[in-house]
Amino acid sequence: MPLVGVVIGSRTDEPLVQDTLKALTDLGIEHELVALSAHRTPQKVADYAQAAAGRGIQVIIAAAGGSAALPGAIASWTDLPVIGVPLPTSELKGVDALHAIAQMPPGVPVACVAVGAWGARNAAYLAAGILALKHDKISEAYAAYRKRLREG
Amino acid sequence: MPLVGVVIGSRTDEPLVQDTLKALTDLGIEHELVALSAHRTPQKVADYAQAAAGRGIQVIIAAAGGSAALPGAIASWTDLPVIGVPLPTSELKGVDALHAIAQMPPGVPVACVAVGAWGARNAAYLAAGILALKHDKISEAYAAYRKRLREG
Amino acid sequence: MPLVGVVIGSRTDEPLVQDTLKALTDLGIEHELVALSAHRTPQKVADYAQAAAGRGIQVIIAAAGGSAALPGAIASWTDLPVIGVPLPTSELKGVDALHAIAQMPPGVPVACVAVGAWGARNAAYLAAGILALKHDKISEAYAAYRKRLREG
Amino acid sequence: MPLVGVVIGSRTDEPLVQDTLKALTDLGIEHELVALSAHRTPQKVADYAQAAAGRGIQVIIAAAGGSAALPGAIASWTDLPVIGVPLPTSELKGVDALHAIAQMPPGVPVACVAVGAWGARNAAYLAAGILALKHDKISEAYAAYRKRLREG
Amino acid sequence: MPLVGVVIGSRTDEPLVQDTLKALTDLGIEHELVALSAHRTPQKVADYAQAAAGRGIQVIIAAAGGSAALPGAIASWTDLPVIGVPLPTSELKGVDALHAIAQMPPGVPVACVAVGAWGARNAAYLAAGILALKHDKISEAYAAYRKRLREG
Amino acid sequence: MPLVGVVIGSRTDEPLVQDTLKALTDLGIEHELVALSAHRTPQKVADYAQAAAGRGIQVIIAAAGGSAALPGAIASWTDLPVIGVPLPTSELKGVDALHAIAQMPPGVPVACVAVGAWGARNAAYLAAGILALKHDKISEAYAAYRKRLREG
Amino acid sequence: MPLVGVVIGSRTDEPLVQDTLKALTDLGIEHELVALSAHRTPQKVADYAQAAAGRGIQVIIAAAGGSAALPGAIASWTDLPVIGVPLPTSELKGVDALHAIAQMPPGVPVACVAVGAWGARNAAYLAAGILALKHDKISEAYAAYRKRLREG
Amino acid sequence: MPLVGVVIGSRTDEPLVQDTLKALTDLGIEHELVALSAHRTPQKVADYAQAAAGRGIQVIIAAAGGSAALPGAIASWTDLPVIGVPLPTSELKGVDALHAIAQMPPGVPVACVAVGAWGARNAAYLAAGILALKHDKISEAYAAYRKRLREG
């Protein structure tokens, strides 16, 4: 049963979150990948986000480019922590998505990470850090990863 | 019965769309003002947008700052033309909202106008130009307005 | 007889609006493509824009890069709804055209869409949404398109 | 015993995180406020961050302007989730801090929120959403807050 | 008979070109001030620009904010040198006007100067430097001004 | 004897001003190309700029990237009109050079054109427009060029 | 005899470098303040920079806004370390000066610090760090200052 | 024994500082290259920076992209002059690193140079200019280099 839902706006963005999926796998965190568009399929987004907690999902990672409404749209329908990854898929190369994801209004938070591959990978680590508060195995795996990093 | 729905994310944004309301009134276009938040009250946004066409609304104007998801969220739930006004309400002073509103992904269009008061006023004129295709009185009123402008 | 005029600043921009033309065709919206430059051939722009409504054109889509004056110049000569597509053809890659098209002064609105291919496609859908107010076949075709999108 | 550590670079930034402190208090989340500078007092930052988990801190919120190294510096010394609030305190008004906080390199995540007061408040809500995974009372309080938001 | 035409988009911009008018006066360069809008009164712009050379105008200075089409529009109708002054009148504070004025497409040049008061003043000096090629008195007055500057 | 001096910061920038040289040649304007660096060879810049008017040069075109001090440095040493072309040669791709060239302080004007090839070509046309005030042949050649443009 | 030359483009910028002067005084570093403009008085800049080393100056701090050529111009005439402080004096509020000062071409380095007051103060500390390599008293004073900082 | 420490965040950045190493070598300045990450290995950064002066290092050059905390982190632990080179390694292509490195808060200075290869080379020359105050051979070598530049 997945703990993390990784959501992309369309299947064409799948290569851009491979680093997320790999990092989650490496840390032993069960996850799922779904393609849902905030703008094209808003009901599916609402359904997914509202059902997520009940299905056992504890953190949602959403990646989007341009207007990048996906992370905020998911956050609007669930109280789970939502991590947003700005993608450089539009002609403005991610500065638009960074603005759209980071500048959420008061009341509905999204955790924004870096544009593109850096953020895709860190989204997994941020999810690990969050889940580590509750799941000992993830805590150990993430601590081991960070320890290896610190040792260079 | 209103033809244009003017939507703001919160009542505190009401002064920022006064120019919209005044221009619509001056052109004799019936309209309504509602406060709905894409992020705080997503179901209300979905309900409003889905019901709008059935209630006789023909154009929706949505103003928002920061992540500014409101115009795109409304557009995701309706096929009516949606005009988005980026507001300079965040610390980034509207460049974020401009990016979030203009950079909509393919399939779900939003008509973006200028940041702040310029855009608030032009949103009304753009609505008038759209409605003029179908409503003779609006066509006449808008043509008269533009004619006065052209004469200086 | 075309309902939509698609205007580009020069024939070299033609590939950049192929998505516009295709989407219009797919929705059964008659259209024409003309190359006119706001800066190089201002009289042709004035003539085209002033004659458009009389020729049955109901929406104009104009795509331009850099200073990107074309959409605004057309809007200055006609009361028809004008949709502007910022093109990433200059060294500043479209952020200039986005500013030039979105930041229209009060009185003469332009509907700005996204930079480049995303906006080129959405310009057609925005035109469809506008024309749908008056043309039942376009309304049906556009609704069918959006319904397919919503169903994923 | 505080669950959330709120860290600012200097006492002069204290007014900028009042919204954080108030939102945490309103949700019944125990917290502390400390002033530590990544650049002026790096050892104090290292000491605080390394000791935090052992002291029962589960989430750290760090607010900083300009180079805004504080959230990343804290994250470098601890595996706890770190939320970074970009402050508009430099002459570049927060776009620098947004870049510095969001663009973390792979391996050491920071959860970036909006520039200034919007982000200060959302940092508290994001912390609540994270702590809700483990703490039932916080989960209830945060869910109640979000429910009130959704009801307008 | 004026040698320099100073054009603003509306009378409300008049204070923003006072430095232009004063510098022209100080250098003994006859000039006129007219208010014409590229977007609201395009025919007046076309008429003014086409008639300018015949009326003895040798340089045109045009100041505009936002989309800032005025300098380019004038340049499209005349072969006279056109100097464009970006004004910080929109919510984007002149970065939009700088892009719109500087990024002219090949074939129709505009000489862009700095945003706001700095550019307003330099527009006059640039006009002086251009007119100095032909007018000895202006050449002397401008050389004397520059000499005083160089002497601190 | 050249009327226009085209100055580049280093020989490696020569391809970037080919459009300038070709347009000048096409208009029958005699010109020279020199490589001088504002930062590496300031005395050569001072010497060139101070001697230019005496050698018959009437307009100087200077192209530079990054800090792009060349146009302003030349303008500091001569009262001749100086046209600055921002080049996209640094990692910031010309937005830096645009700022450095356009934002000249009051007293020493530079005529900024577009970044890169667009500006390189327009620099020649702007020079033609300036020289046309005094040189009938250039006036005729430039008018003929612009007339051909206007005819499409 | 001053070790540090603090150079501003005009006397009106004097308040903007008060923090520089005060920090130098506090560290016991002898200095002088001169007003010289890269664009208005280039010969004075050349003279000052060329004479500086011979007069015992070992570090030059230059503050400038907009095109901000001053630090680079000084660096072009001397081999002494030059520290550039971007000032927010233009309508673009320092982002222009940051680009102009930081983006120096290879061969002629300038040490750029933060825009405005932060950079003005750090310019003094950077000068202290440089001079500390050679001057024991400055080394001690600067180390004492930094030690006090580290102790909070 | 090295006088200059060149620090990169990871071995993958090594090609980006080749110009630094080559320029240092050409000027006869002994140096070392080390890979240390501000975020992944903060203790190693602290150790390296605190030990540097004692090991005879007199200038540190640190290159980093994205959040680019490395130069500031090193500067927080040492009083030696630190030169920061912003690298274009993130999706934002160095504008983020420029902001993160240049916008240091008061008290802890970093000398920022240009983004990428330009800055990498100038970092070496800036180090040379600093070391020249104390080391006659470096002073001679750097003066000879700059003299060759000035002679074209």
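Letters are used for the chains, namely A, B, C, D, E, F, G and H, taken in the order the chains are written, and counting of residues starts over at 1 for each.
Throughout what follows, a residue touches a chain if its C-beta (ideal position, glycine included) is under 8 Å from a C-beta of that chain, and two chains touch if they have at least 3 such contacts.
What you see is a predicted model, and the numbers here were worked out from it, not measured in a lab.
On residue numbers, the A-D interface is repeated by G-H, which shares over half of its contact pairs, out of the options F-H, G-H or A-C.
Mean C-alpha positions place subunit F and subunit G at a centre distance of 31 Å. The distance from the centre of subunit D to the centre of subunit G, each centre being the mean of the chain's C-alpha atoms, comes to 35 Å. For this pair, subunit C with subunit G, the centres built from the Cα atoms lie 51 Å apart. Shared contact sites, meaning residues of subunit C that touch two or more other chains, fall at 37, 40, 42-43, 66-67, 90, 92-93, 95, 98, 102-105, 107-108, 114-115, 117-118, 149.
Pairs of chains that satisfy the touch definition comprise A-B, A-C, A-D, A-H, B-C, B-D, B-E, C-E, C-F, D-G, D-H, E-F, E-G, F-G, F-H, G-H. Subunit H makes touch with subunit F in their complex at residues 88, 93-95, 98, 114-118, 149-152.
Those residues of subunit C that touch subunit B in the complex are listed here as 19, 58, 79-81, 83, 86, 98, 102-115, 117-119, 121-123, 125-126, 129-134, 139, 142-143, 146, 149. Against subunit C, in their complex, subunit E makes its touches with residues 9, 37-40, 42-43, 46, 65-69, 72-73, 75-77, 90, 92, 95-97, 99-105, 107-108. Contact residues on subunit E toward subunit B in their complex (touch as defined above): 37, 40-44, 66-67, 90-93.
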